[in-house]
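Dropping the structure in here first, questions after.
The first chain written gets the first letter, and so on, giving A, B, C and D; residue counts start at 1 in each chain.
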Amino acid sequence: MAETEKGKLRSSEKEIEVEGHLIDSMILTRIWDRIMELGGDFETLEFRVGKHKTDTSYAKIVIKGRTPEHLEDILKEIYPLGAVPFEVAEAVVVAAPADMVFPDDFYSTTNNPTQVYFNGEWIEVEDTMMDKVIVVRPEKKGAVCKPIKEVKKGDLIVVGEEGVRVKPPERPRESTGIFKFMSSGSSSEKPAIAIINQIAQDLFNVKKAGGKVAVVAGPAVVHTGAAGALGSLIREGFVDVLLSGNALAVHDVEGALLKTSLGVSLKEAVAAVGGCRNHIVAINAIYKAGSLKAAVEKGVLKSGIIYECVKKEVPFVLAGSIRDDGPIPDVITDMVVAQQKYKEQLKDVTMVLMLASTLHAIAVGNMLPSTVKLVCLDINPASVTKLLDRGSTQAVGVISDIGTFLPLLAEEIERLNQ
Amino acid sequence: MAETEKGKLRSSEKEIEVEGHLIDSMILTRIWDRIMELGGDFETLEFRVGKHKTDTSYAKIVIKGRTPEHLEDILKEIYPLGAVPFEVAEAVVVAAPADMVFPDDFYSTTNNPTQVYFNGEWIEVEDTMMDKVIVVRPEKKGAVCKPIKEVKKGDLIVVGEEGVRVKPPERPRESTGIFKFMSSGSSSEKPAIAIINQIAQDLFNVKKAGGKVAVVAGPAVVHTGAAGALGSLIREGFVDVLLSGNALAVHDVEGALLKTSLGVSLKEAVAAVGGCRNHIVAINAIYKAGSLKAAVEKGVLKSGIIYECVKKEVPFVLAGSIRDDGPIPDVITDMVVAQQKYKEQLKDVTMVLMLASTLHAIAVGNMLPSTVKLVCLDINPASVTKLLDRGSTQAVGVISDIGTFLPLLAEEIERLNQ
Amino acid sequence: MAETEKGKLRSSEKEIEVEGHLIDSMILTRIWDRIMELGGDFETLEFRVGKHKTDTSYAKIVIKGRTPEHLEDILKEIYPLGAVPFEVAEAVVVAAPADMVFPDDFYSTTNNPTQVYFNGEWIEVEDTMMDKVIVVRPEKKGAVCKPIKEVKKGDLIVVGEEGVRVKPPERPRESTGIFKFMSSGSSSEKPAIAIINQIAQDLFNVKKAGGKVAVVAGPAVVHTGAAGALGSLIREGFVDVLLSGNALAVHDVEGALLKTSLGVSLKEAVAAVGGCRNHIVAINAIYKAGSLKAAVEKGVLKSGIIYECVKKEVPFVLAGSIRDDGPIPDVITDMVVAQQKYKEQLKDVTMVLMLASTLHAIAVGNMLPSTVKLVCLDINPASVTKLLDRGSTQAVGVISDIGTFLPLLAEEIERLNQ
Amino acid sequence: MAETEKGKLRSSEKEIEVEGHLIDSMILTRIWDRIMELGGDFETLEFRVGKHKTDTSYAKIVIKGRTPEHLEDILKEIYPLGAVPFEVAEAVVVAAPADMVFPDDFYSTTNNPTQVYFNGEWIEVEDTMMDKVIVVRPEKKGAVCKPIKEVKKGDLIVVGEEGVRVKPPERPRESTGIFKFMSSGSSSEKPAIAIINQIAQDLFNVKKAGGKVAVVAGPAVVHTGAAGALGSLIREGFVDVLLSGNALAVHDVEGALLKTSLGVSLKEAVAAVGGCRNHIVAINAIYKAGSLKAAVEKGVLKSGIIYECVKKEVPFVLAGSIRDDGPIPDVITDMVVAQQKYKEQLKDVTMVLMLASTLHAIAVGNMLPSTVKLVCLDINPASVTKLLDRGSTQAVGVISDIGTFLPLLAEEIERLNQ
């Protein structure tokens, strides 16, 4: 294949290169696709394809816009997909003009591993999250991802697209069971028990390998009678952190104290006498004890999800929302603080189970790098799709009833754990 | 309370009476509500309320329209709700002018028990179904509900609203657990295992009392791996008839022969090698054997839902649809015939389980009187609501995953049956 | 009808009375239904039914439990439905033992108009909301509904069920078009344009009569291209307050500045070049201006929902949530404060439009008395059902696409307004 | 790159080649992905990538199984994805042993263009549909796709995978607006009016270019008040064939005769007086006239969807289903006949609009080659996903309310047509 010399390129053309599992991880597919969608053209100068499945491929391509501006548009779209300019330029940084203000042309991050070319070196960006900026710290030869609330005047923020390199998600080289690469297609019409057993096996393997598991759970876990199952997973050591909100804790306490959830008898599935006031009784009980932990220590709270967390010293973070009743004293009512606490707990997480949660699960999705293993369960297919769309290398969406799913999962975990 | 003499009524007024559990069964509520919605007025002449909960109440009311036509409109709406003219007139009948043609002013039925006043006697209407006509047979002192396809020239069809009396559904006098009176509110956020156990208990009781149970099942029963659970219910004698379509049978056979459903491995929940063609292989296997029954007898089909039906001599009716692949020889491809076969099998049914079926379940709903006990399960809340809206005195809607629900139900039935 | 003397009642029996539109508003239906569900019995001592549709009815009933405790259980359930003890006792109050702690047997409120019998007088409870407590202020001869966060040590809190009278919702006496009494049945299969025209007429009437209209809107209003339509309703004076969150404002600004919403071109409905970063650009623009209002005043923000609010001086309250990007400076990040601000703005509201919002709409639903007119629109039937379940005397649920619904509604309002 | 001689291949290895837009159409991605999922390996012998976007690429690959059987499994899966053995063998055919019976090892088709290598020539397979068999007709040098019901004893049916070549769908070379390549991601949160205008433009272009448009419509079109809009599209010549069922026609007639749909007033959106019987009145009216066409000719039916079809001589096919009331005489009650009639009408279709139809739309989806342009509209996201999953090269899924969507579409078409 012929080599084009750079001198011959027009101002509306640019040489880029890209390396990795270009074909089966759809890296090149996405790049070419986006170029064509935008009405651009390209010429492949060089293409080396891996002979074996473990080899990476390499491509060198001239991107052709209709005008220099058109070219810029195209480049802006393909750099986040893994394309890198053939001639690497230094990343440009501009100091933040004020606290919580970005320079106009700031680079907005993806949730994929990212590097910045600064002072002649590729520097790894820490704490990668979606839709944030990159702050370079030359003194530490480091770079970090920051949300707008944490930006300080003078922070050196990367602008433009030059000198930034993104490693797009790659398909695992080996068969990975039900965890699909970049899948967002879930279905309720799959063999339910078989899926449960495989997720159990995976969760078991992750924990045996020393991984960290976070559970994001909605109040439906309690309403559907699955609090005992989640409690047993915590007790057995399969949960390292619980992220949730006011309602889960309130109804968990209601269930433990009064055997109802939102007033419905957990044993008989009908409205209990006086049940309407039970969740307020639960809130009042916590206020009287002072906190959930105090309620456990004082012997008020003797079972349930929160009880198991306190006993096992599994940290839980409860983030407030405007629809909360109460909320109970343990709930963090300021959202900026709640986001920070969530982020701290998600550090180094290996696997996340999102169980019948929407609000808190979306919040977690926004904070996760694409490399974390994800199980999303909900009875509403739209919720599952929304969560998986955040982007994850290995994810499985399950459309099922948490009230039957979780007891069966806990049972299988117990079986494996013997 | 004063008695109004009929002579004093205007032409836009009419005396009606109504008897039964008027208040807690909402009979009077619905009548008054509809009168007010239509802008009419009323005067209560007499009201006797039952002193005890088993006593019935009685009301005599003058309905007042703005004009005689307005009155007619109101009466047309409240007769099906249980109101009866104080002075009973004979039902008017008109001969059908041709096969499959009704007289214009035909009376259109509800799915509630109905009587016709003919030759000075109240005659019970047989085979009550929604949206049909009543054919009076003076020679037999009988009356029967007929769909348009079965109407013959000369059939004496009831017209207008006179002389027809409907018994609206009444609330059971005793607490009935999760079966709600006229409920159409279902939720996925109820204690799942508790609901399953109660349905199991109810199914158990119905069978022990000699009741007849029909199951309407969709192919998701097989796709989700629940064929074994349904098979076990059949084997244990808890199913008296199975109503379904081509897809359930095809995938049941596919599962039995090839361990996949629509190509997905039932054990591993991933696409099986060559799986795309498996349902066609199953269809071909049935064509080769000649029929499902023949396939069992020849030893081709050795497990699954259909196998259990054949072994246990439980009748099954498979109705075709335009989206069918094949269809297999057992499927009734003519819809008029299929409707007749369904109706025959639903005769005297006590309880119906609608399991992840929409098309066939709606068909069954249209054929049932309001007195049959109904369990509707689907993962899509809209499907459950649609099915319960057909009207049933005792119904429970469950929004859950059939793949986890049915195995847990079968397990509980087995426990009860020991 | 015979009169029972009180002396003859057993300890498991109690006389209650109830008055109002007992039958068509289902007040008596609900009371009898609940008694029977709980396995109780009753005897009707007196029943006076209104002769005409505007007359109220009256019933005096002996409730019979199996034991005094069973009776208490039943009474606890029927008082909130409108039953009142025949012999009225004073409400019992207990001082709150600490800030944010209720006495154990606190009375938990409904969202219906409520009175307390204190010092020989019936006192109206102000600010009725669901699931709160009643604080009596003897010095002011007043009583008020309080959430737990606002309870102070020493507040006189009503306990038990005695001396509290609830006025359950009553069916409007005249036909009310599509607004259904206590309906929670919505459907997507209704004539869409006809419904839109009727809601427009109703909104028009409410405003002409001097009513106050609140809109609760989700970000889908912007994503679906309906920001212009909502903006026009605000400009024309049909919105008195806007309640929403961070995302609506962010994407409204994104749409105004960059013609995209979440990166999708609002004109071409495809992903725009560089669109992924646009909502972060919008957030940054607001931070630079200092606030939304400042952005309008500085000429940065020149169109959209927020722009119209600022121009028309329509107050807007943006409540934060844990999934927010940013959030922008106008967002109230503390949930306790946000709830207070919402409540202030909902004071004296006549009609609420809930437009494709779940989180914020549920929060509003929790704060509304049952007498406010409600329109709930969402494309997801489950969301509509959840919102209407909060209880409202007149409500209409619409399952439709906000992107086509709102422009057609605004068009019809404009036509009526000429 | 080195060339491997065939002699050196093991029995568990095979050389295949593949040509086309391998990368951006994801052809190679899917092949490699499937090999790895199955635990196989591969070695790339040759790879020529197109230099420009219009050039095709070419790959020659050795597929490596663990055993000859494993290899067979892998090949079975990748041939339908476009892989072709390097050394082409003749297709093997076996005579059908009986009417409606396939030989065991039959080749099951995809919906992509397919060729068979027979007597030394590549023969194009006609009438490609999913999940059928290929019958070779040597005398005509032809081959045709057949469903099981049409197979005759002696038909030469292709077996195994040899000698069959599938052309997988390819991404259009130019930007195609909202029509996405192989997309199954739909959303309700897109700018609605913008999408409507683009679909209108596309429909307009297709008709101006002489294309054939089929509409598959469900009864919700009538229930939501959109019959007038569909009628106008027919009248203006934008619909070439209408495929539907009994309910659409019944409610269309009900709307035309009685201004209601399922008893709901189309003008006022509330239950009409006597509305419950209106659809039965409509059925009776058609039986009296003899057929829909006769009803138009006799002046009984004067407006609506069916009226416009009859007037414009647009063919309509109504397929029955088991839930039908009636059904009316025009409905084909035998499903095998109905499938044939649908297929005849879909011959040479260019674009299909699926409007709020599930049952009939799935049937149509099964009959379409992947090259037909598809618009699927439904308010239920699950229905849209299910329909798009059938596979289409250019498809757009719209989650919206047909009652507002169709009037706005018809309006835009009218504007374009001036």
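The rule is simple: a contact is a pair of C-beta atoms (placed from the backbone, for glycine too) under 8 Å apart; a residue touches a chain by one contact, two chains touch by 3 or more.
Everything numeric here is computed off the predicted structure, so don't read it as measured data.
Student: If you tally contacting C-beta pairs, which comes out ahead, B-C or C-D? Let me know.
Tutor: The greater number of contacts lies at C-D.
Student: Need the most distant chain from chain B, centre defined as the mean of C-alpha atoms.
Tutor: Farthest by centroid: A.
Student: For chain A and chain C, let me know how many angstrom lie between their CA-based centres, rounded off.
Tutor: Distance between chain centres: 34 Å.
Student: Taking each chain's centre as the mean of its CA atoms, how far is chain C from chain D in angstrom?
Tutor: Going by mean C-alpha positions, chain C sits 46 Å from chain D.
Student: Based only on mean CA positions, could you tell me how far chain B sits from chain C in angstrom?
Tutor: From the centre of chain B to the centre of chain C is 36 Å.
Student: Please output the residue numbers of chain A that touch at least 2 other chains, ranges allowed.
Tutor: 37-38, 270, 382
Student: Can you list the residues on chain B that touch chain A in the complex?
Tutor: Listed in rising order, the residues are 177-178, 188-196, 198, 219-220, 223-226, 261-262, 264-270, 379, 399-405, 407-408.
Student: In their shared complex, at which residues does chain B touch chain C?
Tutor: On the chain B side, the touching residues are 22-24, 26, 28-29, 32-33, 35-39, 41-44, 47, 49-53, 59, 171, 173-175, 181, 184-185, 381-382, 385, 389.
Student: Of all residues in chain B, which touch chain D in the complex?
Tutor: Residues of chain B touching chain D: 37-38, 73-74, 76-77, 80, 98, 100-102, 104, 106, 108, 110, 131-133, 147-149, 245, 270-271, 273-274, 276-277, 279-281, 283-284, 287-288, 319-327, 333-336, 338-339, 342, 359-360, 362-363, 366, 380, 382.
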